[in-house]
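Some structures to go through are shown next.
Shared chain: chain A. Partners: chain B in the first complex, chain C in the second.
Right after this comes the complex of A and B.
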């Protein structure tokens, strides 16, 4: 209890420092606005918003200020995706796909304003819930993380890539794993981290430092959206009309237990390495439907369904930051972009991270969620107007944004060529239903995996049993193996055959 | 069902490409020192510390997964379809993607390294918005032609990096192409009847978006911007430091 109190005092102090600086409001309002716009425009994502801002801020600004902008955009974009989901039945981001299930039917009933109001409140409480969990659990995990050595880190990185590949695949699971392996392979380019041996550089000096994260992120997330989204857009979209947006307190209180449950699910799913806000939204929606006394309204305009998805996807933000800050393993694709920003500012997340930075990030999350809440309630009509923008107008501007952002971070034309190459490859992969998130997670975690795997073998003098003799590593090996076996039909059949059969229901 | 077979046909070709890539990179990895790696000139590295061990694992696994994908695609009938066609039948979609890709390549490979950023972006924004807003073939082809011509000239006239900054002939040609495309756009659209609001706004967006961005990046965010010696940006930078800055710095 004393520990929690200490945490809250440190957080209050950081929040006061942040709130008393006028610059904070300038960055917050601008970045949350930009984030909501990115979320609201179908085709633009939270990852892209964070990546573009990373390109703008680079390492020329104090990290504390850059983080306000990046986290503000992250929170805004995850929330902003709910606008087109509710009013157009088109999810603005993958994270708000579950929102459309009940949001749009509500809007068609003329309750669009009510849906937006309750979504805004649920997103606000969800973000606060995730931030609170980050504040408390990150310290407990940091204590554990001090005992995490190279074998565990290597296996955790592998688990993140495998899990992301498994959960993000829309077609065959092996496509997700292939995407993760391609990402890992890309991370092998350049000087190796232990012996400084040049790998796959083909005599090109640019490749000696490996693929830069920001151009890879820009290419992977922006170019496919531009190529896919530039279709005929005569007339633009016509959002459904909305009424009163500010929700009634009684309505919010009625759904409060559901909000807390969804917040817990969202934070938990977000904390899994490589799994994003979209999975959190769907899992929470599924749980809400299964525990509801009357689930017949789900999919037809249920406020419970809407709240469960929206609370969870925003709560996943705090959750996704837990493995990022504790282990340097991002919990979601936007968190991966945030890791890129931290790295170019020479901050290496992990057990040695500055504790003040974690408290500062929690304070920013709280301020950003409050800004999002106020903007969502009082300036929602501005964002509804933005929905009318045709893609053929904003996607070309995004191309220019990503080009200048990608160039600015590295300061070289080669980064633009890399962005374009990765973009075309990512587009081809998307068209063939390969998920892109595992590829990006692979690129980001590849260096960590390579270094920690070899360091483990170095410690054990080449003895592979180091991965099973340490308790933590053994658990992670078991998790990795179980994850792989769970996707192999023959292994599943074998497990099913070994398990005792449950008695048939309804038969004598 | 038919869509799934089409997808498996594409998987068939993809798996073959992945197998070829895996084998190529396994061979490339075999060129890295494995048993006799040296660190700082000293032969102290072992096989388990070699720079090749993780890549061997990655490309080995990739090869296995690619073979699995090939097996699945053959089992699901993808191979039969793949041998008749590549599984892509939508010619309109192919044309759209091809023209879009051409414009992107012209912009990033040809124009941005050599031409003033405002001019290059203005032309590309106009080409993309006008070309793809209506979905008609003529605007698409016209936009791609106007975007590619200055890019081809820039690459042909100034192929090497040491020539990218100085001459402004490619800037002038890009500006001419931008004006030409804008005039053609209005001429074609007015002949068709009432001009769409998006088309009317295109020149303004095409000018203001890159202008605001480049000024914000260079003087607000203090970041590097492409082609600082370009026709327009050189003037902006000159007047920022010589005309405007003394006003508030008191020099």
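Right after this comes the complex of A and C.
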């Protein structure tokens, strides 16, 4: 308890120092805006925003100032990814893929303003939640994160793929799983992470580095969108009404329990080394759907779904900083870029880090989230105008943006062929009512699953019991099995048949 | 109107002459350094640090970007190879890139580059803090008693840490169960989580975990001992005689320009590099981060990389982990 009090006092003084320096605002406004733009442009990621600023600041500016800019851009980019997700159904970053599930249907209903407003609020509260967890529970969360090894990571990745398959399917759940497995198979292409053997490359050197995530993401989400638009937009779509942006306090209060739950999930997942904002959004969305009393609105424009995804991916920022600061192990890709920035300034994050720096970073996070909130309500007004553009104008622009986004990562023409190939396949799958998101999640998490699953078996000499003898792994195995069984009608009937009996057994 | 056009044409011509005159002295526009490894890693950090320092001695800025992916950093090397050899695109690299050719990532020997070596950090062999093994001898004896059963982490097949682990095995007769990781950080993370019992990575990478009491360093894999805080780390060479036969390898992190670049370009870069390396900033940085400074460039640095290339390439070939025969690339046996 004394620790909590000390941390709060240190935080208050750090926040005061920060808030009373006019320079802070200059850095915050510029960097949060840059972050939002990077997040909103398809293909440009939070990692890139932080990396570019790391290069710009180098060791030429005091660390306190460059940290304000880096964290501001990080927070802005994770939030900014929600704009294209909601407005165009194209996730700006992988972290906001779950946001599109309910955000875009809302925009189509003419509630785009409301969706952006509630997203801004959810991101704001999520970031604050993560920041306070970083302040108060830093050592506690560390204990959990430290014990996550290969078996747990493999099962978590599998859970993410199965979960998105389960949630995204329009008719049959098995279609979602099939899409997820196709993504998993695509992730196997390239150099094998354990033995460094080439797999499924057919002697073509481009395939050695595997399918890059950004072209797959762009192709899978943007191309079907554009093709659909080309078919539908001949007459020019009527501009959609925008609606109110600033959310009503009553609305926010009504969703408060959900916001807290999603914040907790987001921070926890962010704190796991190597698992970041993208997984946080999906898991939180999945949990929200499974605990909801009426889950029929999910995927059709549910505010609960939107809030759960957006709160969690922003809460994951504070979580991702925990292993970075106290172990020197980044919790997410943008956190890895932050690690570089700390190191070139002679700060070695790890168990010997100056506790004052952690408190300072929490203060920056709080200031950055506040800036993001105020700025977001303003920029949302500008971005929402996209909806008023006729689709015949903005779809070609979207195509150009996604092409540039795919090209910018590797700088090769093959990435564009990959984007188009995945795009046409995705369009065909959409037409057959196969969900696309699980495929993308399969590609994103497949590499992690492959590597950690096989490494677990390498360590156990091929003994599968390693997945049930570790307590964390056993829980995750149970979750995976339950998820699969819950979708098998026979198993469901069995559970339904057993349930009324069990109290009877209790009475005897 | 016509007069305006004429004036504009003259002005344009004038600018052309000026820029042609400037073109004679390299550099007159900003330089880009493409680092082939990811943000936050050793090569990335060193390049951002040294480029910021070299900028102070050059009239232009140096932008550091990351071009990752491929095999042993081949994406970034191919990217820079495809840029003009005018010295405006540099490549940030490390000793681990010398295996790109034998692993099929690209088709050039390392002598394609004119390298500059900033330095490297000695490798350590360490165990988790709660490990029963207190010294290197304890660990080696345990490994000899149960060959191939103690899991040991090092980053991917063919990395310097993997080759150093092999060298320890060859030099002491012990065998471990080699578990590859994608980088040093995940390997160390696995050691802290108790997934592996031994980890071989560099001192710079391990220091935070050693300081925090999460890893126990057993020995350095270089002739010199090291010291982290109050912990003295002996050299493995002082424990096992004859290890020097097997452990000739040391990290070499830095950057390079096309070997085909003009002498003016190389001279300008070397001058800025030498001045930067002599600065207090670099010395302080190296001390805090446990790096040994090298400062070699040109022929000297090329010789270091040629030796690394031949050792790495042939070791991988003998392990069956190389896809291209080093002999066909003209890489001599060590």
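Operating definition for what follows: the second predicted complex is superposed on the first by the 278 of 508 C-alpha atoms of A that agree within 3 Å, B and C clash if a C-alpha of one lies under 4 Å from a C-alpha of the other, contacts with A are read in each partner's own complex, and residues count from 1 in each chain.
Following the convention adopted for this analysis, a residue touches a chain if its C-beta (ideal position, glycine included) is under 8 Å from a C-beta of that chain, and two chains touch if they have at least 3 such contacts.
A quick note: this is a predicted structure, and the numbers were derived from the prediction, not measured.
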Task: Partner chain(s) touched by A:419 [first = chain B, second = chain C, both, neither] - done: first
TODO: Look at A:60 in the shared chain and tell me whether it touches chain B only, chain C only, both, or neither; answer first, second, both or neither.
DONE: both
TODO: Between chain B and chain C, pick out the one touching the greater number of residues of chain A.
DONE: B
Task: Touched partner set for A:450, first chain B, second chain C, both or neither - done: first
Open item on the list: Applying the document's definition of touch, where does A:458 land relative to chain B and chain C: first, second, both, or neither?
Closed with: both
Task: Touched partner set for A:194, first chain B, second chain C, both or neither - done: both
Task: Partner chain(s) touched by A:178 [first = chain B, second = chain C, both, neither] - done: first
Open item on the list: Going by the contact rule set out at the top, does A:357 touch chain B (first), chain C (second), both, or neither?
Closed with: neither
Task: Contacts of A:399 with chain B and chain C, given as first, second, both or neither - done: first
Open item on the list: With both complexes overlaid on chain A, does A:340 touch chain B (first), chain C (second), both or neither?
Closed with: second
Open item on the list: Show me the chain A residues, by the header's touch rule, that chain B contacts in one structure and chain C contacts in the other.
Closed with: 55, 58, 60, 194-196, 411, 458
Task: Sites on chain A touched by chain B in the complex - done: 55-58, 60-61, 171-172, 174-175, 177-178, 181-182, 184-185, 188, 192, 194-197, 199-200, 223, 226-227, 230-234, 236, 390, 392-393, 395-397, 399-401, 403-404, 407-408, 411, 413, 416-417, 419-420, 423-424, 431-433, 449-450, 453-454, 457-458, 461-462
Task: Footprint of chain A on chain C - complex, ascending - done: 38-41, 44-45, 48-49, 51-52, 63-67, 69-71, 74-75, 79, 103-105, 151, 156-158, 177, 179-182, 185-186, 188-190, 192-196, 207-209, 211-214, 281, 284-285, 288-289, 321, 323
Task: Residues of chain B defined as touching chain A within the complex - done: 7, 10-11, 14, 18, 25, 28-29, 32-33, 37-39, 45-51, 53-55, 58-59, 61-62, 65-66, 68-69, 72, 96-97, 100-101, 104-105, 107-109, 112-113, 117, 121, 124-125, 128-129, 132-135, 161, 196, 198, 201, 205, 209-210, 213-214, 217, 221-226
TODO: Sort out for me which residues of chain A touch chain C in the complex.
DONE: 47, 50-51, 54-55, 58-60, 146-150, 191, 193-196, 198, 205, 208-209, 212, 273-274, 327-330, 336-340, 343-344, 346, 348-353, 410-411, 451, 455, 458-459
